[in-house]
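Below are two complexes that have chain A in common, paired first with chain B and then with chain C.
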Partner chain A sequence: MTTDKSSETPSTGSGQAPSTGSGQAPERDKKQLSQSYWALVWWRFKRNRMGIGGMIIVLISLICGTLFAEFFTPYLVNQQSDYIEARPQWPHFIDPDGKFHLRPFVYGLNEEIDMTLHIRVYTVDTSKQYPIHFLVRGVPYKLLGLIPMDTHIFGPDPDDPEAHVYIFGTDGLGRDIFSRIVYGARLSLLLGLIGQALTLIFGATLGAISGYYGGGMDMFIMRTTEFLQAFPREPILLALASIIPDNWDPMWIYFGLTIVLAFVYWGGLARQVRGLVLSIREREFVLAAQSFGASDRRLLFRHLIPNAMSNIIVNATMMIPAMIQSEAFLGFLGLGLRPPLTSWGVLMNEVSSVRAIRYFPWLLIPIPFILISLLGFNMLGDGLRDALDPYSGR
Partner chain B sequence: MNEVKETSETNNVLVEVKDLKVQFDVRDGIIKAVDGATFDIVRGRTLGVIGESGCGKSVTARAILRMVPRPGKVVGGEILYHRRIQSNGSEMTDIVRINDLDPDGTEIRKIRGGEIGMIFQEPMSSLTPVYTAGSHINEAVGLHRLMPIRKVGAQMTETIQAHRQVTKEEAREIAIEMLYRVGLPKPEERVDSYPHQLSGGQRQRVMIAIALSCQPKMLIADEPTTALDVSIEAQILDIMRDLQETVDMAIMFITHNLGVVAEMAQDMVVMYMGKVVEKASALEIFYEPQHPYTRALLKSIPHVGKKSQERLFTITGMVPDPFNLPPGCVFHPRCPEYMPGKCDRIVPSWTQVGEDHWTRCLLYEEV
Partner chain C sequence: MITYLMRRLGYALIMLVIVSFVSFLIIDLPPGDFMDQKLAELSQRGDRSAETRIEEYRAKYGLDKPLLQRYWMWASNFVKGDFGESFQFERPVKDILGERLQMTILLAMFALAVMWIVAIPLGVYSAVNQYSLGDQVMTTIAFIGMGMPNFLLALLVLFFAVVVMDADITGLFSREFRDAAWSLAKVWDLLKHMWIPSLIAAVTGSAGLIRIMRANLLDTLGMPFVEAARARGLKNRTVIWKHAVRIAINPLVVILGSEHIPGIINRNMLLAYILNLPTIGPVFIGALLVQDSYMAGTCLVFLIMLTLLGNLLADIGLAWLDPRIRLE
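== the complex of A and B ==
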């Protein structure tokens, strides 16, 4: 073992012979000896580029969207403007005169009416230039719902009431698409996470109970999951999502949908956990723990589930994108979340007409964002799957 | 159910197993895993249980802790645990019928670990991979030392003794102390080691530390050294003997290794096909074996100094099919002293052949 910190490897050999650590500082020795399971997992995970990439995507989307959406957007989610279905204003660095600006700017838009099609059309007016300001004062908001702030990461010049920056354009109510994508991530990702947490709690617990106790309980739980899995996933999602009453408070609809998703997805996890518990139950440490006087509940939650945790976590991570995708799918059909909530599903619903695709294609911009975040979760899940079994490779 | 009486001077029995019968009801029929096991475990002494694989040694041990694996069931006999209680200066013995306890109840959980500890054959897999050695010990300690101890007073009122929670530092110290006592080098570092960082011998020491951390009255060692190499085996046996002396604990030592049992045990029980065939002190078993099976077992140990040309003695025949046990004495098809017309008809009964020497063989019965 060298003293270089970067070449720190988990010490597998030093556990065998206590003499190996004799010449080293006790501090260092202790660190090597107490390489916990998670330290080994991290050590393996960080060598996996795909996994790290996925983790970065997931972290960025969670931080930008879920936690600090207000800060990372120039406008608030439902802030309307006079620019209806305006085209994206791409940032520029070089003006029509060929002069380079260090500060990016956008051109102003002129509203015109296309009399043949009877639609509003915006043309780029290169005479009007609105520089993009960074960390700029804008609409006041409360960060995390607590801290009052008015700083946005970028935005138009706050002193020019005419200035506006819609880098991905606006929708039918004049709302900034970019802001809505970032805000949409909040509900969509949270829905995936909360839904997956519910799935985890119900699926893992029921699966563990099923595997541990066996008998009639096992029969009942497993037949229930089979019953649920016998239905194709999309129709059952549609059927259940349509049960949620339209006139509910949007927040209740949100939780209703979370429960629907968890209800549809818990079976797979329960079956997997059951299988794991069935195999772990026969291992000797369960018997040993029982012989020390551990109760059934303790065996289940302190010995069986923690040992199945690596598989449970991988399964959960891989299932989050499926939930996010289901939300977008239901939203697209108008059965998911509804305005005034903003989620990726709602954004998909807004683009679900031929008219939108034909004349306002910038409404499709959320799709790559959805895909990238799904990809991120999948990459993270793959990386975890390889890393969470650190004893396998030897 | 429980019987409380004054402790007599002579009665040093800790666990009494009387005619224990355990059956496994499987698809192909009923397996009589234990069929009439009778023996006592005496305080502070070591009982060696020997027999070949599948003869019911481990099932008997697990029956004592009410941990018979499914679909096994205790169908007959009784297991009595003599618990000594101090009350009003006089010592009382509370007799617990273990086979009547709820297998998941609090009473048996108090006995498991708290009063009877157990260590297993396979040290590699007896520790939960996700916890450190220290947290294993602390779990066991937390389960027993911190459980409110019920005191049975003279007026038969139960008072619950309030217990202070052990702090993290204290728990760690207990764990280090236990690891030190089982001879683990550098216990203050090993306490944070995960099972995969420990060798087989170290894991078995940790197992012993866990089992001893609650100061049990008895330790069931189910082939504790079978998976270890000989030098580690010797160390583990030394540790067990030393600890037994210091804490005055009974050991039920299950093995198929006669050398090990000779070293460890004062009393011995020989089992064959679920039946205890002979019970005596270790010296008598080794010097005056009475049952033909015991004699055959002893003859099949290799000796240093034996002529190399000579073949090692083996017991003829095979272990019978558990679904199809031979009639009469189960050992008769393999027995060198088989008496035709007798052994294949009459089931031998439990006969006394010497002072505290019992056997189950028709050679010593008047029939």
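== the complex of A and C ==
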């Protein structure tokens, strides 16, 4: 009982954070009465600038990264080049003579060896200029794995074999960091989405069963979640992730990691759903359905879970960033996804030494992208939480 | 009160036994053990007696015995205050943790102090001046800070320190002070290193506190007893700090107990790992990574003890702060 109290009080505290203050206008009341629940949700959500902002960030990262990464990058994910750990070639508009070019260009790089540090350094060669072409022919790929294409949103001049555009530099194998960030979004975001989907299935079902049947089943499930929550989050993730054998097929590692994440995160959701089911179970419409002889399964999946859905959705959106973050954290320690795959965690693993930060700081460029997409999911979740409660009359 | 405490303690003990066994099991689950890694390393170096040496180690640490027997051996010694030996350091776990305990607590307390000193006034300001420019700026920053993983922030700070400022911020002491006796200069050196991890911890930690403080105080300020206090003609400051904040702070006490006390080990683990601080966090991560079972197990058990203790302290603290809450 005391565990209940300590785990729930803070969340209700933050849950009550008021968002949009608004006076009730009479015409708004009329509109509210005649709209369906989801229309109301959308109508409320639209007015929340932060939620919309979050939705835009999430959509952009899903479209650019998860769906069409091949189109939005100049190079393929594991395409290597002779430029090893090259510095970023920032796009320029004004050349050394002070002339303005409408088409941005990058300067060429000259490779040198720093004899004291024994590392490659690149110097900017302003005599070589490579214009950036947009919607340009490049390496062929298959869009969505189906449609063969060779158009990239930007890239070097396809007719000049010397030309190259690494706007964020390259990594230790000469791969374009910008491209890797975009491709990394694919696996990282998908991991969050799939992991969250698994959590939803486990958590919501177990929570609903727990709340609906009560008794021994409830006791068992609740003790299990309490037990899981007694473990500190990061260490348990670390320990579980290191169970996945190194020599597995990368796709299996990916799958294993999603299961680990779902396993660690389902408890909170199950407890929340249980609470909701307990309160909905006593409502008149459920009792009515029950007295008509509806089966347990029908009650559970037609009445209880759909009514708890809005809370479940909010919880899900709020947990996705936690999962993406966990993947980055595990990847950083070398326990997440492993190289041939590219995710944000794998990119983070490349900056896990002070040496990398000192000499190749552009390997840190993925961090702002990770932070922005995490923020996007948080903003979306916050907006949804306010919007999904339209009858609250706030 | 006594029965309540006894019940809590009994529950905690059962929990400890189960959790320690399960964590032992989980640490043991990955294929191979620490000695396999060590064997590979030794034979790579061309050590011919590697096989026999590893066998000796295995016998010494009891790794040749089945899991249950090993757990029992470790657990029964644990009760007597012997936590076993760390494989990677080849020294007793107790000594290694003992050396790092002081700095761990110091750093955690410092970070906590910074966090609370920053968060409470800002949260109160935000609530009292709701929708003012300051409130909006603060709410936005808190929102961004809350979603920010502190190890990513630590990497960015490390970048600024190393590349932009060309400073050495890893560790807690400069080289010349590392083994020196305590002196004023050493304390100053420590403070020079400590503000960075504390600041990072405070930025990410206080964001959530500010939000909760603000939301709760807003609720409390609308309550009749606050109105009554104002009606009695009390000064605004007294009304806010003595009447409203005292009630609104309850959830923060729960957080202090249930998150910040176990957080002494847990919270800034990765941050400490990146900045290479001499605290318990980095050795804990290291132990989990290389399957140093006794070390990792000991850290986990202490962590869970702190969690249970923190929850208990939070409940007692709440009952003391808020007379309406009874412990039964």
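The definition used in the following text is that the second predicted complex is superposed on the first by the 359 of 394 C-alpha atoms of A that agree within 3 Å, B and C clash if a C-alpha of one lies under 4 Å from a C-alpha of the other, contacts with A are read in each partner's own complex, and residues count from 1 in each chain.
Note that in this section contacts are C-beta pairs under 8 Å (C-beta built on N, C-alpha and C of every residue); 3 or more make two chains touch, one makes a residue touch a chain.
The shown structure was predicted, so the numbers you read here are calculated from the model rather than taken from an experiment.
With both structures placed on the common chain, the touch criterion links A:Ile370 to chain C but leaves chain B unconnected. Touch criterion met: A:Asp382 reaches chain C, while chain B stays clear of it.
Applying the stated contact rule after C-alpha superposition, one finds that A:Thr116 touches neither chain B nor chain C. In the overlay built on the shared chain, the residue A:Gln325 is in contact with chain C alone; chain B does not reach it. Contacts of A:Ile357 after superposition on the shared chain: chain C is touched, whereas chain B is not. Comparing chain B with chain C, the partner in contact with more residues of chain A is C. Once the two complexes are laid over each other on the shared chain, residue contacts for A:Glu234 go to chain C alone; chain B is not touched. Touched by chain B in one complex and by chain C in the other are residues 14, 16, 18, 21 of chain A. Residues 65, 67, 70, 104, 109-114, 117-122, 125-132, 139-140, 143-144, 185-186, 189-190, 192-194, 196-199, 202, 207, 210-211, 214, 220 of chain B touch chain A in their complex.
The residues of chain A lying in touch with chain B in their complex are 11-12, 14-16, 18, 21, 26, 29-30, 33-37, 214, 283-285, 287-296, 298, 302-303, 306-307, 309, 391. By the touch criterion stated above, chain A contacts chain C in their complex at residues 2-3, 5-7, 9-10, 13-14, 16-18, 21, 227, 230-232, 234-236, 238-240, 242-243, 245, 321, 325, 328-329, 332-335, 348, 351-352, 354, 357-358, 361, 364, 367, 370-371, 374-375, 377-379, 382. Residues 8, 15, 18-19, 22-23, 26-27, 29-31, 131, 143-144, 146-149, 151-152, 155-156, 158-159, 162-163, 170, 208, 211-212, 214-216, 218-219, 250-251, 254-255, 257-258, 262, 266, 269-270, 274, 284-285, 288-289, 291, 296, 299-300, 303-304, 307-308, 311, 314-315 of chain C are the ones that touch chain A when the two sit in their complex.
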